[in-house]
Amino acid sequence: MNREKLIWTIIFVIGVGALGWRFFTTNMSMTYVAGTDYEFVEVGPAQSSDAPAQPSDKDAKTEPETRWVNLAEDPDLKEVQSGQEKVIKKLEPWTTYRDISMEVLPIQSAFKSAGLDPSLVLDPVDAKRQIDVAAQDGLINDTQKTDLSMRVGALERYPEVGLSWQRTLGVWIAAFFTLAIMSFLYRDNPFYKVAEAVVIGASAGYVMVAGFWTTFVKNLLVVLFPGAMRESLVPGLKADQAPDYIYIIPLIMIVLLLWRLAPKGGWISRWPLAFFIGVTAGFRLIGYLEADFLGQIAAGVIPLYVPVEVVSASGTVEGVSAWLTIWASFSNIVITLATLTGLVYFFFSVEHRGIVGRTAKVGIWFLMVAFGAMFGFTVMGRIALLSQRLEFMFGNWLDLIQRI
Amino acid sequence: MKRTIPLLIAIVAGFVVILSTFVPYTESWGEKGMIWFDILAVGAFVLGGGNLLKLHLEKISGQRPGWMYSVIIILSFVITLVIGLLEVGVHPNPMYPEYAWAGNYLEEGAGFWWIYQYVIYPLTSTMFAMLAFYVASAAFRAFRAKNFEATLLLVTAFIVLLGRTYAGVWLSAWIPPTMVDICDFFNIATTVEDWRTLRIDRLTEWLALDGPTKGAGRAILIGIALGVVSVSLKILLGVDRSYLGQD
Amino acid sequence: MSDECFSPLFVKPLPRMKTQFTLPLSALATIMLAVVAVFSGLSNAQNPAGGIPAPPSEINAVDVDGDKGEAIEVYWRLSANDPSASAMPDLSTDTPAQVTQYTIYRRLADGTDEYTEIGTQTYGVTTFTDSNVKQGVSYIYAVTADSEAGSSAMTVMAYPVAAVMQWFDYEKSWMGLILLFISAFIIFYIGLARSGKELKVRQIAGLSAVDEAVGRATEMGRPILFINGILDINDIQTLAGLTVLSRVARTAAEYGATLEVPTARALVMTTARETVQEAYLAAGRPDAYQEDRIYYLTDEQFGYVAGVTGTMVRDKPAACIYMGAFYAESLILAETGNHIGAIQVAGTAMPSQLPFFVAACDYTLIGEEFFAASAYLSGDPQQLGSLKGQDVGKLLGGGLLTIGVIFATLEVIWPDMTSIKDVRQYIDGNILGSDGLTMTSVEKGSDQWFEELLQRQRDFELNQNALESGGIDA
Amino acid sequence: MYQFLKNLDRRWVFLLMGLAVAIPILTNLTFPEETSPMVKDIYQAIEDLPDGSRILMAYDYDPGSMGELQPMAKAFTRQCAEKNHKLYYMALWPLGEPMIDIAGARILMEEYPHYKYGEDYVNLGFKPGAEAVITVIVTDLPKLFITDQQGTSFNDIPMCRNIRNIQQMDLIVSISAGDPGTKQWVQYAGTPYDIPIVAGVTGVQATQLVAYIPDQLIGLLGAIKGAAEYEQILDDNFPHINDNPDAQEAKKRMGPQLVGHALMVALIILGNILYFVGRRRGEER
């Protein structure tokens, strides 16, 4: 036991050391972002406030037409300058960021291989100047110069490019949790317990938040109080949307359900539950009968003999291919046989003996073949999931392979 | 009384939904019911979240084994909830810049997004990826030719595993031309196309996507549909009322 | 695009709309048309084809059957310049007249408004469903064929059409009959069982294992873990799982074993608590019921699995019972359960997860067996009756399938025999499909269909005129 | 040796599996692909539509299944963009929205700059309600999709102005990781309203959904293998896609697949050898 602990401690120390070394010498886990600026001003007709609306004007009561302009996209604000409009209100500017590591990292490595400082990339204008200097000094040749300036020039379309410490930290946290979950394969341990606690708490919170913003707001509040929602959470709502008061019912049901928390009369919460259990029973009964009973039988109505025609290059039919017909017919016969024997297997009224038993046995064989095929088929997806996780670990975190 | 009214509610609601599907005017009532259900489920989060908090607070106050992890659960739960509901770091919607609360709660760069991207997603997707290990250990242990059924299961899985990669083509590409040669020997005219089905990759597709899987899958689905009809009817006839609780 | 103000000129003379063609308007339109003709002639000077495609040759519309009167289907015949009108479309000669799309117009039949565009369809398509109609209001539809160079004349419907609400969806007649048939048998057998007749059903191996597992857990003094799937109570599998839970809880209460039920949904937790409490009461041990053993973890699939597997390796339950709707988590749960050496019984109607349960669990209830389990385990003879009803359903399904397959095969062997084809079509389209009780012999949009419809509308028109003139006694 | 293998700790299996996937990723191992008839059917279905047809792109998956479905989603977007089809993106999963961004909008923005938002493609975003959403939008699309994802009113989007419902779509491309997904699209839209559907699904779903082929579903791409074959057929037909490393993602992931599968095959063989040796020694029944 102590020996095992020692081994793990050594592995841990070596691992941390290797990570530290890699962190300071490579691009490991570095995440770069580009910003987009928003700076909104509301502009409106310049004369509207100076000259009071004329009484004869029918539209006198309506607001003067105003609009929002993003200064970052339209910094000139031509109409305002020409005096036709004026700024009515200004909002706090904001910037949103987007991950562009995939663009930045290859340029950085190009810089590195050319013997230049990779951190230059974050300031494309300065980087171009440094490339020119390096070219003059003969550190890089002309093809390198044009190539590097062209590549770094592509970054100039972003107003700002920078290292995001939040996201870089995030990559480390994500990597830690990935390893913590995988450590469960060896055995239960404190790292896994921490990861487990975090995932339970955070995902429960996540589902509730998502449920609130998507279902509760969009499917209940918007329907019941479209006016208030248009003024607050969902401004894009149509102006003429009328409230649908039938949605009071689910609201009342929530109240009934939460009555459980009250000291008395908690049994009333069974009402909404019973209502939905009834609806579920009715709805699923029809749904399964239509799609899975009738639908599957209809799909099963296939001919057992399928002649496959041989068509020449010019499009004329040259007759029926014996072998292909045999294959296609065989396939349909197998499908039909598997369905019918499978149904016999599910029979409850008769014991699996005699002819019924033998038929049911064939049914099980087909089920087993199907299960084997489904198992084998699924393995692929599972391995893909693992590859994706490892690609993250090797790419985004350790920077051993190209990032996805 | 405490059981009769809910039973009546369930029966009436169920039969109304069934009948409504046959009347064009009321056809969508069942679907509307499901939308309402989602709303109720969100309301029920109060119960679920409340229970989660209660359980772990009790664990902490009782200093029961593992209470430290309960602290982590409660912290991560509350932090996620607060950041998400208060839309921390979410900008207004660029289309409606003056509405501070109209932004996307999952906006890239915002607090909730960060939690999702760097905490929840890695954790859940790694949990999902663990399946790659479990399929291997399950296959090693369970796929043994103990009897005829088990042999069928294992042989099919074996073929499909091979056929889903390049190995399938590589191992069996010789079969169709060989079959043509054999037929030539018996003076039967065939082409390579006729025997293509015998290649492992084609056989895999037939096994997993056509033939037996399709047929057996159909039998399972038909059986399930009948099972659903029967379970639903038992609920709606009041034969099965285990969900109702006590008087 | 065609201008609305020209449209009356292109309209075929219609019996009921004559009043609308006032002289000044048509005169004005004629003049404007002439002007347009001159200009278009100029612009198409280098193009002898003219660039304007031929109009669609015919148009008709019918009320969509079996709806609440909110949709009308419009059909037309392809324009002669439609690339898919001829058998071998010649796409190489990209003439300006080649149809790129059809535009569908509509106006009220009472003539109180003008044609407005209601939608477009790409070339080669001859149908459009207008789902923006008012019930009972009559409309006239029109369609133009459009090319890069311009639009054809409008082809206008000869008779108005209105969307009507049906009170019964006849398309679902057969489904209703089959539902009645199966339900009647289920109810009949339940009644038969209730009257005391003993019904024989075969044994299912997995089911005795449930009791056995509970017993073993009691012996070992370890808990029983019950997972009710990861869906909410609006899934029927969750409800079926709850019934099994009720039985397991009752046995556990009788034996004095601990039962642990982590759930992925708050409502499942609530309902499961009701169920288990009732089971403990029924077993005469209401004091042994521990509410906190039935708890909510998280709705998130893998968050939930992480929590459950953690609990598994720490509490080492002696039995793990999985009954409900499962997705990818099935194998994670079952492999962890296998590792800790628990007896595992699973039941689900998720076909994709069955292979994993079959591989990793001791017993697996496959699809319908899972639904049957609740009937078996309840120990209630009434519930066993429902299984007999299900078997009747299987006989019906298997019978329909067999007959259908036989006729489908015969149809391939003797393709010319219409009677065989009709039988196959009736099974396929009517009984199993949504064509109603009677066969529809004419395909919508075909030549025959256009003719028949026109005739029907003429007859209707005659009747209407007769009614209006008071000629027919009602 | 036999005793060690017989009581083999499953952690050895785990370790082997980890290595079998990790090593090919680190060494960038890839293999050639050959397209199967079903993949050809799907390719042909999109290819045969007239240029500029309307296609509904239903992205019903989340980051959990990105590994399998992302390459398909990207490839579908690419083929449609090659044919200048009009693309309507929507999601029934809350996290499908970012998927539309990554595997749809971003591809169009970077590789097909002539695609204009609102004229050639639109992101309608996520709607909660699963199959209930489908049952509504088959008759009335703007009823639920009042705005697009950015909040622009539906009728203000040029390519949406004439769209009343999804029956007007010429094809539905359903990329799905579970429920709601392809099954619901087939049940509630494709089958009742005769809208052709092609699908890209996870391996698990593929086996169930084949029951719908060919009547209710034109074809489906199953798992990463289907994606790789589809990438191959695009590479063969559009040479410039061949040069795009982002369009070879699935093919790249087939390397770990092959080794992983080979390991599983070896494990099954080993397991059976152990079983038969054990039986000969009389240790097992």
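Quick notes on this structure:
Per-chain numbering from 1; labels A, B, C and D assigned in written order.
Here is the rule we go by: contacts are C-beta pairs under 8 Å (C-beta built on N, C-alpha and C of every residue); 3 or more make two chains touch, one makes a residue touch a chain.
Just so it is clear, the structure is predicted and the values come from calculations on it, not from any experiment.
Common neighbours of subunit B and subunit C, listed by label, are A, D. Counting C-beta pairs in contact, the chain pair with the highest total is A-B.
Averaged C-alpha coordinates put the centre of subunit A at 13 Å from the centre of subunit D. One finds 23 Å separating the Cα centroids of subunit C and subunit D.
Rounded to whole angstrom units, the spacing between the C-alpha centres of subunit A and subunit B is 16. Centroids built from CA atoms put subunit C at 27 Å from subunit A.
Shown for subunit D are the residues in touch with two or more other chains, namely 10, 14, 17-18, 21, 64, 128-129, 151-152, 204, 206-208, 211, 222-223, 225, 257, 260-261, 264.
Under the contact definition stated at the top, the residues of subunit C that touch 2 or more other chains are 179, 182, 234, 236, 239, 267, 270-271, 274, 297-303, 306, 314, 328, 351-352, 354, 356, 358-359, 366-368, 372, 387, 390, 393-394, 397. For subunit A, residues touching at least two other chains, in rising order: 181, 184-185, 193, 195-196, 199-204, 206-208, 210-211, 215, 219, 235-236, 257, 260, 270, 273, 276-277, 279-281, 284-286, 288-289, 291, 293, 295-297, 299-300, 336, 339-340, 343, 346, 367, 370-375, 377-380, 382-383, 385-386, 388.
Contacts between chains leave no pair untouched here, as each chain touches all the others.
Only residues 10, 50, 52-54, 64, 139-140, 162-165, 167-168, 170, 178, 192, 204-205, 207-208 of subunit D touch subunit C when the two sit together in their complex. Those residues of subunit D that touch subunit A in the complex are listed here as 11, 14, 17-18, 21-22, 25-26, 28, 64-68, 94, 126, 128-129, 146-147, 151-153, 187, 191, 202-204, 206-207, 211-212, 215-216, 222-225, 245, 249, 253, 256-257, 260-261, 264.
Taken together, the subunit A residues at the contact with subunit C in this complex read 181, 184, 187-188, 192-193, 195-196, 199-204, 206-208, 211, 257, 260, 269-270, 273, 276-277, 279-281, 284-286, 288-290, 293-295, 297-298, 300-307, 336, 339-340, 343-344, 346-352, 367, 371-372, 374-375, 378.
Subunit C makes touch with subunit B in their complex at residues 66-69, 165-169, 172, 176, 179, 182-183, 186-187, 190, 232, 234, 236, 239-240, 242-243, 245-246, 265-267, 269-271, 273-275, 277-279, 281, 292, 295-303, 305-306, 314, 328, 331-332, 334-335, 338, 349, 351, 354, 356, 358-360, 366-368, 370-372, 374-375, 378, 380, 382-383, 386-387, 389-390, 393-394, 397.
Residues 70-71, 83, 117-124, 128-132, 301-302, 327-328, 339, 351-353, 434 of subunit C touch subunit D in their complex.
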